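Per-chain residue numbering starts at 1, and chain names A, B, C, D and E are given in the order in which the chains are listed.
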Amino acid sequence: MEIWRVKDELVCTRRAPGLKSASLRVLQGQTGNIQVATDPVGAPVGKWVFTTLGSAARLAMPDPSVTTDLTICGIIEGWEE
Amino acid sequence: MEIWRVKDELVCTRRAPGLKSASLRVLQGQTGNIQVATDPVGAPVGKWVFTTLGSAARLAMPDPSVTTDLTICGIIEGWEE
Amino acid sequence: MEIWRVKDELVCTRRAPGLKSASLRVLQGQTGNIQVATDPVGAPVGKWVFTTLGSAARLAMPDPSVTTDLTICGIIEGWEE
Amino acid sequence: MEIWRVKDELVCTRRAPGLKSASLRVLQGQTGNIQVATDPVGAPVGKWVFTTLGSAARLAMPDPSVTTDLTICGIIEGWEE
Amino acid sequence: MEIWRVKDELVCTRRAPGLKSASLRVLQGQTGNIQVATDPVGAPVGKWVFTTLGSAARLAMPDPSVTTDLTICGIIEGWEE
């Protein structure tokens, strides 16, 4: 499970129906790389989080039929970059 | 879910039957890397999009039996490189 | 299966329900990269371990419904960095 | 789906039974990296191709029980490196 | 499927039960990276091999319930580094 900082919310148009109404976050990784994740825990911007990817990302959603490949699984306390 | 810019459409021959008639796009990533994705949302060249990979890529297609590993899930508004 | 050194335990809040009560470890890889793994073997901090990822990470847990993507599978003896 | 150039055929011994009689190709990627793929489309050496990975690689084979993780899905026309 | 050289056998303690009695090899990749793989073909140290990863790694084992994510699928003849 990777560690990221929440950078922003994502505003998108023409969203695939499979994403349903899932909340989306822009995450920044340890090397500056950017990814988009579904967020079932309500992670605020600036917080450090960890994510699961692949089929585990869907299982971590309250609705496992959401077509995500990256889901926030928890907020980390006291993390130093 | 990764973020890409749509670079082009893909012209290919001897296509595997499992791809069916899916629309294909050439995408360019944040480090200049190139991938091919199936596109169910009709993303125009030049737009920023985000994708799901792995088994989620198939679930994001209207026909989940298409043998893709990368599918465009939405068009991002107001993204700065 | 990747090789890592156990760096720390992970303290987190607002944990996704799918993780249940799984023990979490912070691992450091060969290039200094950091990941979080579920730990069913009780690996002490400082030990070298190897992990499975993806769906195999869930199957390696005593409870395969835990929504992990990285699980410690064994402790390596006599590993030199 | 990644883009590669077909570099060679692969000669191997003690092949796992799960590969059956699948045709194997050595592919070279955009950064010079090398991988082995199963080839159901008959891609000639020197041609540019794109591949699916993971479980999609098996679904793209005429026999989806072949234990591959990378399958050639099509030959690209007019690709400039 | 990736290409590796067999570097060593792996000695480990507190092994996860899901690995059963599978033979483990330490592999070195093209960029010097190290991974651990299950070995159903009996690959000797020093030989070049190719592997499948993900769910295909389990299907390539004689017993597909072994919780591996990387399995040796064949020994390559006449490979030059």
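Here is the rule we use: a residue touches a chain if its C-beta (ideal position, glycine included) is under 8 Å from a C-beta of that chain, and two chains touch if they have at least 3 such contacts.
Everything numeric in this text was worked out from a predicted model, so none of it was measured.
Once the centre of each chain is set as its mean CA position, chain C and chain D turn out to be 32 Å apart. Between the CA-based centres of chain D and chain E the separation comes to 20 Å, rounded to the whole angstrom. Multi-chain contact residues of chain D (touching two or more other chains): 54-55, 57.
Under the stated contact rule, the graph of chain-to-chain touches is a ring, a single cycle where every chain has exactly two partners.
The touching chains form a single ring; listed from chain A in the chain B direction they are A, B, D, E, C. If you check the complex, the residues on chain E that touch chain C are 10-16, 18-19, 33-37, 54-55, 57-58, 65, 67-70.
By the touch criterion given at the top, residues 1-3, 30, 40-43, 50, 52-57, 59-60, 71-78 of chain A touch chain C in their complex.
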